[in-house]
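In what follows, chain A forms one complex with chain B and a second complex with chain C.
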Partner chain A sequence: MFGIGLKKRAKQDLRDTPIPEGHHLLEVNDLKMYFHTQDGIVKAVNGVSYTLDRGETLGVVGESGSGKSVTSLTIMGLIDMPPGKVEGGDVLYRGKSLINMTEEEMESVRGNDIAMIFQDPMTSLNPVYTIGRQLSEGMRLHKGMGKKEALERSVELLRMVGIPNAEQRVKEYPHEFSGGMRQRVMIAMALACDPDILIADEPTTALDVTIQAQIIELMQEMQQKNGNAIIMITHDLGVVADIADKIMVMYAGSPVEFGTRDEIFYNPIHPYTWGLNRSIPEPAIDEKHPLTPIKGNPPSLVDLPKGCSFAPRCPYATDKCHNEVPPIYTTETGHYAKCHYCNDKDFVAKNAPATSRTKTAPIAEKKGADA
Partner chain B sequence: MADSNVLLRVENLCKEFPVDSGFIAKHSKNARSVHAVNNVSFDIKAGETFGLVGESGCGKSTTGRCIMRLIEPTSGKVIFEGNDVASMNAKELKAMRRDMQFVFQDPYASLNPRMTIGEIVSEPMVIHNTVPDKDERIEIVRTLLDTVGLNPEHINRYPHEFSGGQRQRIGIARAFALRPKLIICDEPVSALDVSIQAQVLNLLSDLQKEFGTAYLFIAHDLSVVQHISDRVAVMYLGNMMEYSDWKTLYAEPCHPYTQSLLSAVPIPDPDIQASRNRIILRGDPPSPIDPPSGCPFHTRCPIAQAKCSQDKPELREVLPGHFCACHFAEPNPIKESSIEL
Partner chain C sequence: MIKYIIKRVLQFIPVFLGVTLILFVLQNVVPGDPIKLIAGEKKLDPQTEINLRATYHLIETDENGQAILDENGNTIETPLWKRYLQYIGGLFHGDLGRSYQQNGKPVAEILGEKYPYTIRLAIVAIIIESIIGIVAGMISAIKRYSAWDVGVTLTTSALVAMPAFWFGMLQQLFWGVFLKNVTGGSFYLPISGAGGPQAEFVDAVYYILPALTLAAVSTAYTARIMRSQLLEVLNQDYIRTARAKGLSRKAVIIRHAIKNALIPVITYIGMDFGGMLAGAILTETVFNWPGVGFETYRAITQRDWPIVLGSVTVIVIVVMVINLVVDISYAFLDPRIRLGSSKSE
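What follows is the complex of A and B.
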């Protein structure tokens, strides 16, 4: 990917083609990515679906090993195959399938139309090239820019992401930058070709909170300016509360719940989402409430439970849950969840955790539900 | 401060790591060093949880390690049950460590892969010879494993057969094997997923209720520290900035750094998050090799004045039990009008 010889190419970008009628900017339909290993088939991504439009931010939350990173790496075509194999489903970008693209076509999309920021800013920059050269690489490859022009644009980009003294800094090497500064460089690099979609895989996990706040603010500013879509992969519910429009909660390779930010935070219907909610220490000032953790550990992706994959840890699981895979239940607003009982309003009202909205305003309503 | 209840008192603890290697460089007049911990003082009462928070590189882990003398402090006193840990000889140190144990951050690196968990958990009892009888020891280990929520039947398994959360439970069982009076927990949950993190936090609270152990809880996650601690201290660049009981510190922080830190933590509730007044600090923390003059925070502080770059503010008691190192400390020094961003 980071070859020395940079082919100059100035061809039609896919992002200039209009989105076909009835399609979204990005559509992921029932995507399945399995890894064939010695221990068996690892079902890393097992039926993920969502849509994304320009200017939107999708938050993908889940614990480690829930398949959130593999989903986005599959979209980018960055999974080694073998051992990986797409076992079904499709990813449509502006109506065109990314899964069926040739490597050459994919190369012009990757880093250009769809760009990615990785978790660890310490290891995702090449230590032997200057920041300027690494920033220029994408622009020279995708935009056919000359060396000088690309370097000028690099300075501009560094300035845009808030790096002081940019003319000097482009000549420096990654080790001369702090963690937060390197993550800014990664963002500048991802934005260099003005992408349609920016995938950020845990972009702030390795950073301190004060730096995290800076990076999130920067990503939002850039989105407002460029109108790109963001896929924000994180394990931190606080981060998605801050920036996401839509949220997908993943567990053991499948999305268990998907909805708008308000739906996920104030009207969650899946027991796993409730469990996550109750596991987080509340920022309450008055008194401390004990945490209610989710019992047990996530299942092995090689040997998923027969029924619902969350059933062994779910406090409400019944025989049906242990034996039958739950269907996806969708509401009118597009809010969906994968649970046998999530369309049972009484079940949800009885067991869902209290939120700041239910606690203050609709007390009367809650009383009605209890009676 | 002369409270009979005080279990551990840290006075003016300092730790400097030399930067330059070699005999001449080390002994030259202008040898540089990393000022990891700078005049830190606090005390921990028996049975309480004292939280220590700060960003990476602020010296919180070094403080924890100096207290146990896993690394030698440069100067200062660590008084544990009336005896100065810093001046103990090896024999005294060993006896002291019976009462002070450590839980490490990384549950993958802190357990010997060649020992069964039975051996790991019983090792402290062997070293200190508290339970000479082997069968009795195994019985205690089984009880401990049961207490921390592991199956006692797994006593002969090896660490690799356990998940991260379970390994952290093994580390906790080991720390409790000697029924210590103080356990230093250095980021015990930061390597774990949220659902597992909650399990371990609950376990630590339950064990504290049962055994009355005091914790020094070191973490970077402010909401975790708030949840578990009775009192909380905030460190920045090796200095103690503020400490108080948890309620006051989180509700009415006096130090501008504490306020910025609290406001930077995203709250998992969009309504609350949208209504907050956020202070976003500019820049990175300065290097501890060459810390700024005056107040260590003045380079990033939104309300810094000329005085801040010259005089270093001392930790002073602004309200009873509430200590803060800032010239302008008062509840909420950063008001909307004073922020210019």
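What follows is the complex of A and C.
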């Protein structure tokens, strides 16, 4: 019973094929994932595009329900279809479409070329099997390792992610590990087959603050060692500020702004990104630097606003915003935003938050703070 | 682990004493003198009556079993508490008293003859229940909302709602009477008894209908528990983790979901097995099955109280032991409750 499903797969890992000319490691082109439910069509991912290369880290930032997780689960092919359906766009991994792959092809990509870490380490490990068995599984499946060999490698992996007494720990069960330790195990599991891309879906949300930093550092360290790309999904701008090369800000299923870390933090051009920036707590919040949340709630994904989906909450929204879907405005550097006015330098200069380098007039801050 | 088992066995004592005490008292407050029950319409001569009373420990006797007489030459009635102590004391020697009928045959001997039938029937029923229940529930969960799932849900609802004896009678009507008539007597199943030297069929054939009847309701429950458990487990985060590792849907179910889903199912089946060993009174009566259930039913209708008391005493012990075995088996399935491990203490 325990050997079923672990038959050795043909040894042709996609990550050994070179990236074709003109392609990136991972390219997401205008991806649309809709869910057909009884209440209507939920447009969970509505036109997401980005590229990613080896060694890079992409931060995906957004509120709950903005489509960050669904985007990555779509890349992994882990969305149940139905109710989910890819309504358009494509995901290319080394020039090969993941969307058009058969389930069997996808199984050899999952956990092997692209691995994923989930939000809650407390529930992400099977309680009735030992850590060693769960770690070995992927290696036995993708690398055709024997039981013993895989277990030895598991011990190595545990040691690598900083779990002391690994020889002993590998025989223990998940409930004998703390939350932080379990997330380390999850990272070890994801890295077991030496993946090209590591997708981390809010890996630190369920952990306490002191552990958060350790886990982020560990992921960075592993990235430097292995050269893999990371997609870091989070609702915490602070997390991506440390590690991301590129950041995509998502709102209501679509990216509203995409750019390098510096562009997003110091030169943001979309009002939603401004709002997020103003919501980062500072060590000293006083009357001069109030913490300004974005008012209201994200729209229903079944019934999106007619115009810009952020318009109902945007303090600068005009009639045009409410009635017309904004186009994507791209700068020379590839920094893009989806707003009617982000092209307007005066508008940006006047309203961007204080942390922004584009900030010139201090009076405008008050206005922004009123938002 | 050993410590836990000892603790549980010690807990048996108050439960056991409580149950037997209640039954013993009930047996003795029921109107009617046992000796009159035994004698029926006949008039007993005084010496026989005294001997009978001595046999059933109703009066004080000396070491040789002779009745002790008081100064008036009358027998001395043994008080209830003393008789209870004697009963409990007898249990340690395997003495459950004597039947009021069957020529005062020892209860232990009667139960010893009947129990093998009950145990064999229970084993056949539990095998049917486990295989059909688990497989049906699994397919139902995996192919949720399919025609199969709807079929299983409807069938299990019907079975759960049906009284076992009525279901048994329907089976008898169909397999034993209807089929016999339709096929002109060339094919039918036995509807009564358990085979024997002059049996019409091979002994095994006699098990079919009673075992199906006994297993029917529990199979339905097993299928339902299995279905809901598997559905719940398949929604767990660790299933997604396993999928993200690249395991196929099938491998995820076999390697990650089934063991977790089986834990409550095995508990249910274990408890149910305990119940079946306690004697399926309804099923055994409907099918004239010579097990303890039928014997208990017969004893109740004929006011053969020692047999009722004896079989209930055995049932209490069997159920308690089975519960303990089920609890211990948890530990092998679920490491979180591995008992008495250094960490949980």
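Quick notes on this one:
Simple rule for what comes next: the second predicted complex is superposed on the first by the 344 of 371 C-alpha atoms of A that agree within 3 Å, B and C clash if a C-alpha of one lies under 4 Å from a C-alpha of the other, contacts with A are read in each partner's own complex, and residues count from 1 in each chain.
The rule is short, and it goes like this: a contact is a pair of C-beta atoms (placed from the backbone, for glycine too) under 8 Å apart; a residue touches a chain by one contact, two chains touch by 3 or more.
Only a predicted model underlies this, so the values are computations on that prediction, with no experimental measurement involved.
Superposition model on chain A: chain B and chain C are shown accommodated side by side without a clash.
Once the two complexes are overlaid on the shared chain, A:238 sits against chain B while remaining clear of chain C. In the superposition on chain A, contact is made by A:210 with chain B only, not with chain C. Of the two partner chains placed by superposition, only chain C is touched by A:118; chain B is not. Set against each other, chain B and chain C differ in how many residues of chain A they touch, and the higher count belongs to B.
In the superposition on chain A, A:280 makes contact with chain B only, while chain C stays out of contact range. Of note, the Cα-centre angle with chain A at its vertex and chain B and chain C at its ends comes out at 70 degrees, rounded to the nearest 10.
Look at A:63: by the touch rule set out above, it reaches chain B but stays clear of chain C.
When the two complexes are overlaid on their common chain A, residue A:175 makes contact with chain C while staying clear of chain B. Aligning both complexes on chain A leaves chain B and chain C separated at their closest CA atoms by 8 Å.
Those residues of chain C that touch chain A in the complex are listed here as 236-238, 240-248, 250-252, 254-256, 259-260, 263, 333-336, 343. By the touch criterion given at the top, residues 55-56, 163, 165-166, 193-199, 201-202, 205, 220, 222-224, 226-227, 247, 250-251, 260-261, 263-273, 278, 280-282, 284-285 of chain B touch chain A in their complex.
Residues 63-64, 178, 180-181, 208-214, 216-217, 235-242, 261-262, 265-266, 275-283, 285, 288, 290-295, 297-298, 355-357 of chain A touch chain B in their complex.
Taken in their complex, chain A has these residues touching chain C: 1-2, 4-6, 76, 78, 103-104, 107-112, 115-116, 118, 120, 123-130, 137-138, 141-142, 173, 175-176, 186, 189.
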